Amino acid sequence: MALKTREEYIQSLRVQKKRIFLFGEQIKDPVDHPMIRPSLNAVAMTYELAQQPETFELMTVQSNLTGERVNRFTHLHQSTEDLVNKIKMQRLLGQCTACCFQRCVGLDSFNALDVVTSYIDQDQGSDYNRRFRRYLCHVQEEDLVVDGAMTDPKGDRALSPSQQSDPDLFLRVVNRTDSGILIRGAKVHQTGALNAHEILVMPTRALRREDKDYALACALKADAEGLLFVYGRQASDTRKLEGGVIDVGNQEFGGHEAMIIFNDVFVPWDKVFMCGEYQYAGELVELFAAHHRASYGGCKVGVGDVLIGATRALARMQGIENTSHVKDKLVEMIHLNETLFACGLATSAEGHASPSGTYMIDLLLANVTKLNVTRFPYEIARLAQDIAGGLLVTMPSEQDFNHPEVGPLLEKYLVGASDYPTEWRQRLLRLIENLTLGPGAVGYLVESMHGAGSPMAQRIMLARLADLDEKEKLAMKIAGILDDNGEAVRS
Amino acid sequence: MALKTREEYIQSLRVQKKRIFLFGEQIKDPVDHPMIRPSLNAVAMTYELAQQPETFELMTVQSNLTGERVNRFTHLHQSTEDLVNKIKMQRLLGQCTACCFQRCVGLDSFNALDVVTSYIDQDQGSDYNRRFRRYLCHVQEEDLVVDGAMTDPKGDRALSPSQQSDPDLFLRVVNRTDSGILIRGAKVHQTGALNAHEILVMPTRALRREDKDYALACALKADAEGLLFVYGRQASDTRKLEGGVIDVGNQEFGGHEAMIIFNDVFVPWDKVFMCGEYQYAGELVELFAAHHRASYGGCKVGVGDVLIGATRALARMQGIENTSHVKDKLVEMIHLNETLFACGLATSAEGHASPSGTYMIDLLLANVTKLNVTRFPYEIARLAQDIAGGLLVTMPSEQDFNHPEVGPLLEKYLVGASDYPTEWRQRLLRLIENLTLGPGAVGYLVESMHGAGSPMAQRIMLARLADLDEKEKLAMKIAGILDDNGEAVRS
Amino acid sequence: MALKTREEYIQSLRVQKKRIFLFGEQIKDPVDHPMIRPSLNAVAMTYELAQQPETFELMTVQSNLTGERVNRFTHLHQSTEDLVNKIKMQRLLGQCTACCFQRCVGLDSFNALDVVTSYIDQDQGSDYNRRFRRYLCHVQEEDLVVDGAMTDPKGDRALSPSQQSDPDLFLRVVNRTDSGILIRGAKVHQTGALNAHEILVMPTRALRREDKDYALACALKADAEGLLFVYGRQASDTRKLEGGVIDVGNQEFGGHEAMIIFNDVFVPWDKVFMCGEYQYAGELVELFAAHHRASYGGCKVGVGDVLIGATRALARMQGIENTSHVKDKLVEMIHLNETLFACGLATSAEGHASPSGTYMIDLLLANVTKLNVTRFPYEIARLAQDIAGGLLVTMPSEQDFNHPEVGPLLEKYLVGASDYPTEWRQRLLRLIENLTLGPGAVGYLVESMHGAGSPMAQRIMLARLADLDEKEKLAMKIAGILDDNGEAVRS
Amino acid sequence: MALKTREEYIQSLRVQKKRIFLFGEQIKDPVDHPMIRPSLNAVAMTYELAQQPETFELMTVQSNLTGERVNRFTHLHQSTEDLVNKIKMQRLLGQCTACCFQRCVGLDSFNALDVVTSYIDQDQGSDYNRRFRRYLCHVQEEDLVVDGAMTDPKGDRALSPSQQSDPDLFLRVVNRTDSGILIRGAKVHQTGALNAHEILVMPTRALRREDKDYALACALKADAEGLLFVYGRQASDTRKLEGGVIDVGNQEFGGHEAMIIFNDVFVPWDKVFMCGEYQYAGELVELFAAHHRASYGGCKVGVGDVLIGATRALARMQGIENTSHVKDKLVEMIHLNETLFACGLATSAEGHASPSGTYMIDLLLANVTKLNVTRFPYEIARLAQDIAGGLLVTMPSEQDFNHPEVGPLLEKYLVGASDYPTEWRQRLLRLIENLTLGPGAVGYLVESMHGAGSPMAQRIMLARLADLDEKEKLAMKIAGILDDNGEAVRS
C-alpha cells in the first residue's frame, strides 16, 4: 500500500542526516527538537487524515500513474473534481492544524512540472516527462514529502541571474558529467524543508539565453551531501522551548521556514527534469505560481475557520457573544473567509485539461484568489483582535498562573463569564495571539502576503490575463462607436 | 420550435393590453415608448443571442420537461454545469447590454418554486408541483418572459402582514371560489415588469398561521384585468426623450422598475402554486433569494466588463492608458470584478440536487456572492470616475456640439489624444456617466445593493448558515481545551 | 457698507450681458432660467447669511485692506483663526444648500495670488501685488463673486502648452499693447461661472521658458466682449425644467459647471497680475490647489451633514432608525464625515504667515484632506443608499402621485411608519437620490474626486512634502544603524 | 528646578521596593532587568528630551500651579496651544522610541481629574480640587511618573460592580478611617506601571448609587504595602533575554503592560480625590478617555513615522525604492499616518476652557481620532509587510549570522542592493518585524485597538455627541419638509 502511517513518516525522517542550523548551532535530532516538532506534527496530519475513514476519500485518490490509492498530495490532478477536492483537503488541514502543513508546494510543483516537461519533450524531443513521471511514481509509492524549492536569494533585483556580481545568487549548474550535474546556490523561504524527504528544485523567474545555467529543475534527497539548512526565526518562536503548554498558543502544530544552501550538490540525470531549456522557465514559474496561488484559497480558509471559532468561543467566555457588534464582526470574518474559499473553488472548477492530461486551474482566477488572500486575513485578524480585548497582550505568563501566591490572584481577577474556567479564556487568548501576532501570524498573514508571489506579481498577471482590448470593444459597441461587427460606425 | 425570435417577442408584447402609468399619464404603446423601449431591447437580447450560432449552446438547453431545446431562462437546472452556465450566460448578457436584462427573476423563481412545491406536495399530499410544471411547460414552449414578483410594500416593518393597519400592504387572497382566487395588494421594485408576458407572484417573507392569506404563489397574465403598472423614475431618465443619441449614454439598452398594483385580480386554480401553506413561505423566499443572489455574480460582472472597457478606452483617448496609476486602478477594477465572478461560479459549482431533481446552489456562498456585490461595484465605479476625469460631469450637451458656432469650438477645445475623434471621447464619457451616475447606476449600483435583499439580509443568512459551533470546536481542540473526541480535557 | 444683500446680488447679475449656451441655444435671462437659478440661489446664500445676526461673525471679517467689514469670501486670511473660520463657514454653507455654493475658488485664488504676486515683485521689482490688492479692494467693496479660472483643456496631456498642435489648448496671451493684453483659449470645469461678476484667470500647471505666453494671471468682467459660456450637463439636470417640486430633490439649490471660451478677449494692464513670469506658475498652482484642497474639508462636510440627516430622517419614517445595523451605519457616516472636518481644521490650525502677511495653510495636511475627500463621500453615499432601501430608484414620479386614480393608490401602498406623510418619505428619497445619483452627486462625489486636482495630484504632493529621508533616519537610529548624531555605527 | 535628569529618574526608581512577578518569579531589580529596561528607557526619554535645548520648548512648559518650568507630562493644559503641543510632543517621542513611552495616561488623568474634582467641589462643597492640585504640585516639583490606573478586571460584563459575584472585580474601598481608606481589587492593562513613581486610581465606568464604594479616585506610591505587579507577556518578549542586539528589533526601547493587584492598600485622605461621589464617575471616565483618545493622534503617528522610514530604507537596500508600486504604497502609508495626526491636531485646536481654567479637547473629534487609530495602523503595518518581502519572517537568527561556517554563507546569499551591508538589511527587517509582529505591534496595533477604549466605545460616543436631530432638520429644510423656522410646511 502506498500510504504511510503517521508513525512511519516520522520514523522515515529519523534516519535522515540533514545538516540543520538553528540559533548558531547544528541540530542533532530535528525530529524531536521542540522548535521543529510542531511543524513536523502538521505534516504528519497529512498522513494521519489519509488513514481515517471519514477523511480517506478526500485525502487519497487513485493514481493515474500507478493505479494505486495514493495520498492526494502526490497526485497529478485528472479532473476539475480533483482540483476542487484539493482545495477542500487544504481547508480541512488548515482547520486541523491552524498552521501551514507544508506539503502543498510539492504538490503544486508536481502538477506544474508534469505539464511543462511534456511541452519541452514535445518541442525538443527530450525525455523529461517520462523521467519526471517515473520519479513521481516513486514519490507516490513511498508517500514522500517533497519540498518544492523555487525562490532564489536574487541579490540585486534589477539584474538577471547572469548579471549578478555573484553568479551564485540564483541556483545554477556548475558542472555537467555523464552521471549527473553539480549545482550551487541557495533557496530561501523554504516552508517545511526540514520535514521533507526530497527537495524539488525549480527556477524562480523567466530566463533568457544567457541564463541557461539557471534553467534547472531537478530532485534530490533532502539529506544529500552538500546541502545545509538554516532555520528561519519567527515571532515568539522560543515559547516552544519554555516547557509550558499554554503560552505557546498552538501547542501541537506550527510551521517553519528554512533557507537551503547548495554547496556543489550532485544530482544524477534521472532526477533532472530541466537543464538549460531557459525558454520554459517562465511558463513553469507561472504555472506553479498559479497552482500555488489557488491553494491559499483552501489552507488559509481553514486557518481562518480556527481563528473565527477561537474568537467566537472567547466572546462567549467573556459574555459578549450576543452583542450586536460582536455578531456583526463575526459575520464579517465569515464573509471574508468564505470569499477566499469561493475564489479557490472557482479557480478549480474552471480548470481544464492540459495536453498531458494533467489538469490546470484557471490562471486568471488563481491570481484573483491570491490577491484577496493578501488582504482579507489581515482584516479577519484585526477583527479577531477587536473582539478579543486588551487582555490579548497584557495577560501574565502561564508560570505566573502556576505560582502559589500569584496564581490564585490571577484566577480570581481574570475570571470571565461564569461557567467557564479562567484557563479556557487564557488558552483562547494565547491561540488568537499565536494566529495574529505570533508564529501563526507568520503563516496566516505574512505568508499570505508573500507566499506564491507578492501582490504585485498577481497584479501583473491580472493585467496580462484580463483581455482589456475585448472589454474596450464591448464598451465601444454599447457607446455606439463600433457596430455589431466591431467596425467603427460612420457618422 | 420553442424559441421565439427577437421580432416574435416584440410582436407578442404589442398585442398585450397592460395599463401603464408614467409621469401621470397612461401609456398607449409601451413597446415603442422611448422611455421603455431600451429596456425591452435588453430583454430582446435574451432572444437574439439564443438564435446566434456562437451563443446558442450557452443560451439554450434541452428541457427536462419537454425534451425540446428551450431558452435557458425558462429551464429547471439539472446539474452543476447548468448552474455554472447560468452564471456565464448572465455575464454575457451584461456585456452585451450594460444593464439589467430582466429575465433572471423569473428564472430564479421557477427553480425555487419547483423545489418548494414538491416539498409541499410531499408533506401535504397536494398537487402543486405537477400544476407548476405544467405551467412551466407552457412558458418553455411559448418562450415567455415571466416577472417574478416578490417584494410587497410592507408598510410598518415592525409588523407582520396581518398586523398592518391596512391589510393590503402585503399581497393577499381576498376571495376563494371554485374556479380560482381573487387577489389584492401591490408589488414594488418590479424589474422589467412592463416587458413581461406573465407575473409570477410569491410571498416576500416567512409567515405565521395568522398570515395564511398572504401565503400565496400564483401566475397571471401581465395584462390581466385589475392589474395596474406605475413606472419608477430613474436618474436622467428623460434624456431618452430628448431625441439625441449621445447624451443618453447607452442609447439602445436600459432597465426599468415598476410598481404593480393588484386591484382584486382573478387567478384560476391551475395557475395557483401555493395558497395558505404559510409554513413554506420562508423556505421559498430563502431559496429564491439564494438563486437570485448568485445571479448577481454573473450579470453585474458583465456590466463591470463594459465599465472597465469604457474606462480603459477613455484613458487611451485621453493619452493616459500607460500611466502606472491608471494601469493599477484598472487592475483593481478587474480584480474586484473577477472576485464577484469567482463567487458566482463557486456558488454554482458547489450546487447539489434537490429531491425533485432540480439543482440548488450553495446557500452560504450565494449570500457571500451578493454581499460582495453590495460593495465592489461601488468601488469599481469610483475608480472609473477617478480615471475618467472631471469632464465626466462638466461636458456640454450634444445639442451644443451640434450648434454651428459653439460646436466647432467644443470640437477644438475638447480634443483628447490625437487619432481619436472628440465624439468618441464624448460617447465614452456619457457611457461612464450612465453607469456611475445615471440610469445604468440604478442597475449597477443601487440594484446591486438592494436587489435580492439588502446587505443585512445576507448577513443574517451568513450568521445562520456558517456553523459557528463547529468552528468553536476546531479552535478549542487546537487550544487544548477539547480532546480529539470533542470532550473537555481534564486538567 | 461693503456687504451686498441677496437681492442686490441678484440684481447685479441681471444687468450683465453674458453669452451663455445651453442645450444648443443662447440663454437670454440666466438669472431666471430654471436650470441655472438653483445655483444662483446657492451663491446668494453667501450674501444672505452675511446679513443674519447669528452668522454675521462667521461670514464676515474686518478687511486688512479696507478696514471695513467684508464678506469672508473676499478676505485675505490674516491668522490661523481666519483659516479655521473659513472651514467652518464652508461647512455652514454646505449645510444650508446641500450643494456647491461656488464662491470658494475665488477666495482661494485671492489668497494664493496675493502671496505669489508679492514673491514676483520682490524678485523682479514688479508691481503686481499692489495692483492685485487694489483690484481686491474693489472686489471687497462691491462684494463681488469671482470665478477662479484655472483648468485649461490641456489636449494631449503628454505635451506642454507650447508643444500642443493647437497653441490655444492652454489659455494664452496673443497680443500685448500699451493698454492691455489680448487672450485666447478656454477654461473648463468652471464651477458657478454663470453666477460670477468677474473671472480671475490663472495658469493650470508649472511652466517653462518656452511657455512664457501661458504664464498669465488676470481678471476680467464676466460679460467681457469675446467671452462665451457653455453650460455643462449634469445627471437628471432637466428635472428642474419639469415644473414639479419633489422629484428635483433639492428644489432651491444646486451647482453648475460651465466651460468658458476666450475669443481674443482684451484685459487692461491694471487687471493683469502675472504676464510671462513662468517661473512662478508652478508655485501659484500649488498654493491655490492647497487652499482649495483644504476647502473641501469644510464644504463637503456640510453636504455630508445633510445627507446623514436625510438618511436618519428617512430611516425614522421607515421605522428602522433604532435597528442596530442602521445605527451603526449612521455612526460610520458621521465618523467619516467628521474625519474630513478634522483634516480641514488641522490644515487651517497649522497655518502660518507668508511674507505678505497673508496666511497659508499647511501644505501637507491640505493634500491629506483632499485625498480623504476623494474617498469618504463615496462610502457615505453608499451607506446612505444602503439605509434608504430600493424605493430610492423605483419610486414613481410626482406626477403619478398627483394623478386622480394612481395617486391615492401610491399613497396607500407607499406609506411608511405611521405618523409621517408619504410625501415626506418621497421628498427624502428624492433628496438622497439627488445627492448620491443626481446633480448633487456631481458636487458631492465627482467634484470631490477631481476638484482642486485628481487624487494622483495629491499623492504626488504627499510624496514630495513628506520628508522620507528624515523618517529613514529615525528608523535607522532605532535599528542601531545610525548613532545619535546620525553617523553610521561602526560594527 | 523641577526637571529631573534621565539619570536622576532612573536612580529614583532603584530605591523603590515594588513587588513584581514575571514568569512566576519575583523580580529583585526591575531597573536592570533586561525584559523591563527597554520600557524604562522609553520613559527616560521623556526626561532626556526635556533637557535638550532643541526640544526643551516642546517638552516643558511654565506651570500654572507653581510658576516653574515643568515637564509637559505633568502640566494642566491652559490653552489650545498647550493641547496642540501635547500632540506634537507625543509624535516626537514616538519617533524617538518607536514604542509607547507610558507617561500619557498620567497626564490625561491629571487633566480629567482637575476638571471633575472642581465640578464635585462646586456641587458638593468638597475640597477635592485643592487637594488634587496640591498633589499635582508635588508631582510637578518632583517630576514624577504617574500611572493612571483605570481598567478594572470587570468579571461578567453584563453586571455592575456591586452585582458581581466577587465584589473585588472592581477596585473598591473596603474600609474608611480617620486617616484614610483601605482599597482592594485590581487594575489590568497598566501600561508602564513598573516604571512609575505613583499610581493614580480612577473608576472605569459610570456608576450608580449602589456602586458608591467603587467611586474612587486616589493616588498612592507605586511601592505601597499591599501592591503587587504581574508583568504581561508580549509577542517575542524573551528575545530581550537572548543577549543579542539585532533580533530584538528595537534594542533600546519597548513598552510593557502589567496587572496591579491591590491587597487592602492604605491611602491617606490627602491623596483621595473622589470617594463615593458615584454621580461623577461617568464624566470622569469620559473626559479622561477623550483626552487619551486624542493622545493616540500623536504617539502612534510618531511610531508610524519610524515604520514608514524603516520600510523606505529597507526598500532602498533591496533596490526597489523607485518602483512605482512601492512609491505608491509609501504614499498611502504617509497619507494614513498624517490623517491620524490631522485628527489629533484638530481635536486639540478645537479645545476650550473648562470652568477651572484647564483646557478640554473637542470630545467628538477625540473619538473620531481614536476610531481611525483602530484602523489605519493595521493598514500601514500591512503595507510595510508588503514592501518588506518574505525575508521578514524567514531570516535566520543573528546567532547564525555569527556562526563561523554559516555566517559567511548568509552574508553571501542575503545581500541586497550593493552599497549596503547585509547587516543593515537584517536590522531593518527585525525592526519591521518588531513593529508589525513583535512587541512593537503590541503597542502599535493592539494597543491602538483597545487603549483608551475599544472601537465600540468610540462609536457609542459618536452616536451620542453627533447631533443627529439637528442634521435631520437641515435635511428636512432642503427637502422642503420644514420651512426656515423649522416648522412643517403646509401642503
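Order of writing sets the chain letters: A, B, C and D. Residues in each chain are counted from 1.
As a working rule, a contact is a pair of C-beta atoms (placed from the backbone, for glycine too) under 8 Å apart; a residue touches a chain by one contact, two chains touch by 3 or more.
Computed from a predicted model, the values in this text were never measured in an experiment.
Peer 1: Starting at chain B, what is the smallest number of hops through touching chains needed to reach chain C?
Peer 2: Step count on the best path from chain B to chain C: 1.
Peer 1: Taking each chain's centre as the mean of its CA atoms, which one is most distant from chain B?
Peer 2: The most distant chain relative to chain B turns out to be D.
Peer 1: Indicate the whole-number Å distance between the mean C-alpha point of chain C and the mean C-alpha point of chain D.
Peer 2: 39
Peer 1: Could you tell me the distance, in whole angstrom, between the mean C-alpha positions of chain A and chain C?
Peer 2: 51
Peer 1: So which bits of chain A are touching at least two other chains?
Peer 2: Those would be 325, 328, 459.
Peer 1: Help me check something: in the complex, which residues belonging to chain B touch chain D?
Peer 2: Within the complex, chain B contacts chain D at residues 324-325, 328.
Peer 1: Where on chain A is chain B touching in the complex?
Peer 2: 84, 95-98, 245-246, 249-253, 305-310, 312-313, 316, 327-328, 330-331, 334-335, 338-339, 341-343, 345-347, 349-350, 364-365, 368-369, 371-372, 421, 423-424, 427-428, 430-431, 459, 462-463, 466, 468, 470-481, 491
Peer 1: Within their complex, state which residues of chain C touch chain B.
Peer 2: 21-25, 151, 153, 155-158, 165-166, 168-169, 185-186, 188-189, 228, 230-239, 242, 247, 257-259, 261, 318-320, 325, 374-375, 378, 382, 385-386, 389-397, 399-400, 402-403, 406, 409-410, 412-418, 433, 437-438, 441-442, 445-447, 449-451, 454-456, 459
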